[in-house]
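Before anything else, here is the set of structures, which you'll find just below.
There are two complexes below, and they share subunit A, which is joined by subunit B in the first and by subunit C in the second.
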Partner chain A sequence: MTRRTGSISQEAHGRTLMSGEPLVFHCNHYNYWLQKTLLLPEGLGMRGVIRDAAASAAHALISAAAKELGVTEPSEVLAIASDCFAALGFGTIDFSQAGDGGGTVRTPTSHYGQCLRIASGADFAEPQELFDQGYAAGALAAAYGKPAGAYAARNEASQSMGAEVGEITLSSRDVPEGFFVAPGRGPHAQLEVPSTHPSSNVDEAAVLQALSGLDLSGNEEGLLPRFGVILTNHFANFYDRVSFEFVQRMGGTGMLDMAEELLVEAGYRCAFNTFGGIMTSPEWDAVVKPQCKTTEDWVHGMVAVINALGWGVWRVHELSSSRLVVRIWDDYESTGYLGMYGKADRFVSHLAAGGVAGLMNLVYPGRIDESPTLDGEYYARIFESPERFTPQGVKCMAAGDEYTEVVAER
Partner chain B sequence: MGGETVTKTMEDLFPGNMGRMLMIRVMLKMRRPDLRDMPRTAPLEASLVAELETTIRQVQLG
Partner chain C sequence: MERDLRCQRGLRFIYRADFDPVALADALDAAYDGMVVRHVETLGAVRTERVIVQFQVEFRVGERPGEVSLTHRVSAAPDTRAASHRVLEHALRHLAADRPAA
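Moving on, here comes the complex of A and B:
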């Protein structure tokens, strides 16, 4: 299977870029819980925010990839867009019925259309393919040399609502004022990251080397099932834009702290499903588990794997059975916030906070080393446990600190 | 025989930590930050219970 995509570059601090757009791995459970949270309050306009964030990121990626490959013919640019969509695990997308004036785009398979249903465990009342809509709009705009916001998009048929194939209608529009422009790579800390914790028996370099040998691109259906979840290699700028715009719009409602707590919970769900899936996978058993001589090594081992996800560099600073302190350099939430909004006045790394607590909950009260079934009952048991860990964001690069620091305690 | 009125509390509707997160979702959905300050164990008015139960069902949909 040969796909023409943008070039992948590995940068310092665990960052991965495709044609200049930072990528991060996330699973269908995180994508579901994040989107569910964003769409909860009526009247915030988050559907448009999600669509436009996807359009902007897709436009940036596809424009840069086409330039790299020397492609200018719209049909060839759209072929690159289809290949990128599939390679990144978003599904398959067909632009053959779309042109300069808009048209219909089909998605025979779709992460957002099909894989969020697995995570939800319940039917949807509204189409979930907002990302697909934005991606289609941004790609068509890139193909015809127009700005990212040049097309409006809506689902005529939605797989998340039961349709066999997704259908998105695109139509020309005036670019909305203040249309979001993805900041690309964004700022990058120049600081040297300390080495791994001295108590760790896990060879992080060996773990990263082993993971680099895995094919983590979409299969023939453009989907990426791995570790018991369905992954996407997604746009960091997309996550950052939709999360922070949600926070901005919740300011003044008297519920800002609750909105942020739900973003942390989405991170916690992410940890439960993705970290849990990884720590019960054959790959873990082959590469990491043999190095785990203590319970703490399960934390060190998972942190080593996290450092392959594009989330920045995590370092265990302090670890006991009752407390974990993680310091993170270039966490993607901070770099995205700085690139989009400038210096923050508060902690913004909500995904990281949920991830740190979720990791401890899996290892200690959750006893992930006993290979439990990762189902709702197990989740509830941990979440209701008096022994569970909760996170606190102590430092944040976006707010001017040298690194982001999260403390998880019982 | 007269029917017995069953009163519910916030604790009944939103038990435990899972219930607390569900309550936050319901509060955002209803845009009702004031619900946070309601006593956990005091009986609620029937109309509010009905409204909360409707919103819980909506939130529990995908």
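Moving on, here comes the complex of A and C:
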């Protein structure tokens, strides 16, 4: 399967870029839970935010990839857009019925259309393919040399509501004022990252080397089933934009703290499903588990794997059965915030916070080493347990600290 | 056979049996008249035989000793999914019958 995509570059601090756009791995369950959270409060206008964030990130990627490949013909640019969509695990997308004035885009397979439905267990009442809509709009705009916000998009048929194939209608529009522009890679810490914790028996370099040999691109359906979940290699700037706009808009209604708590909760769901899926996977058994001599090594091992996800570099600073301190260099929430909004006046790395506490919940009260079934009952048992860990964001790169620091305690 | 209850619920199934991984991969390959894509994935000391029938199913043989996973493609129709199970179960039975008695 040969695809023409943008160039992949591995940068320091675990960052992965495709044609300058930072990428991070997340699974269908996190994508489902995050979107559910964002759309929960009525009247925030988050559907448009999600769509436009996708359009901007897709436009930046496809414009840069086409330039790299020396492609200017719109049909060829759209072929690159289809290949990128599939390679990153978003599904398959067909632009053959779309042109300069808009038209219809089909998605025979779609992560947001089909895999969120797997996570939720039922059809949705509203289309969930807001990312697909934005991607289609941004790609068409890139193909015709227009700004990212040049097309409006809506689903005429939605797989998340039970349709066999997704259909998105694109139409020209005036670019909305203040349309979001993805900041690309954003700032990058120049600091030296310390080595792994001395108590760890896990060889992080060996773990990263082994994982680098895995094919983590979309299959012929453009989907990426791995570790018992369905992954996307997604735009960091997309996650950052939708999350921070949610916080700002909720803050405007006096619910700032609740917004941040909801994003931490989404981080718990991510940890539970993605980390839990990884720690009960055959891949874990093959590479990490043989190195785990202590319970603490399960934490060190998972942190080593996290460092392959594009989330920045995590380092265990302090670890006991009742407390974990993680320091993170270039966490993607901080770099995205700095690129989009400048210096923050508070902690912004909510996914990381939920992830750190969620990891401890899996390892200690959850006894993930006993291979439990990762279902709703198990989630409730460990994340609502009196023994559960909760996180506190202590330092944040976005707020001017040298690194982001999260403390999880019982 | 065990259904995976995580995010791939309804898509991924684990079968446990006593088989030679390469022989099982060959049997699946033959059952689909060679219309498969095969890969060998090596991770640490583990060698996994991947047998992919595009737009239908992926079999991963030997990820763990005595295990084969069957993961339906998302767009595979119900009758295709049923057929995928039949093919794997037939191959496992066939290999078991061919194995010399201890």
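Keep in mind that, in the parts below, the second predicted complex is superposed on the first by the 407 of 410 C-alpha atoms of A that agree within 3 Å, B and C clash if a C-alpha of one lies under 4 Å from a C-alpha of the other, contacts with A are read in each partner's own complex, and residues count from 1 in each chain.
Convention: a contact is a pair of C-beta atoms (placed from the backbone, for glycine too) under 8 Å apart; a residue touches a chain by one contact, two chains touch by 3 or more.
Remember, it's a predicted structure, so these values are computed and weren't measured experimentally.
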item	value
Partner, of subunit C and subunit B, that touches more residues belonging to subunit A	C
Which of subunit B and subunit C A:M258 touches, first, second, both or neither	first
Which superposed partner A:E370 touches (first subunit B, second subunit C, both, neither)	neither
Partner chain in contact with A:D345 - subunit B first, subunit C second, else both or neither	neither
First (subunit B), second (subunit C), both or neither touched by A:E192	neither
Common interface positions of subunit A, toward subunit B and toward subunit C	121
Partner subunit C, residues of subunit A touching it in the complex	27-29, 108-109, 114-115, 118-119, 121, 210, 213-215, 219-221, 223, 225, 228-230, 273, 276-277, 280, 282-283, 285-287, 290, 373-375
Touch list for subunit B against partner subunit A, complex	16-18, 21, 24-25, 27-29, 31, 33, 36, 58-62
Subunit A partner contacts - residues on subunit C that touch it in the complex	4-12, 39, 41-46, 48, 52, 54-55, 58, 60, 63-64, 67, 69, 71, 73-75
Residue numbers on subunit A that touch subunit B, as the complex places them	32, 36-37, 40-42, 116-117, 120-125, 128, 160, 253-255, 258-259, 261-262, 265, 380, 383-384, 388
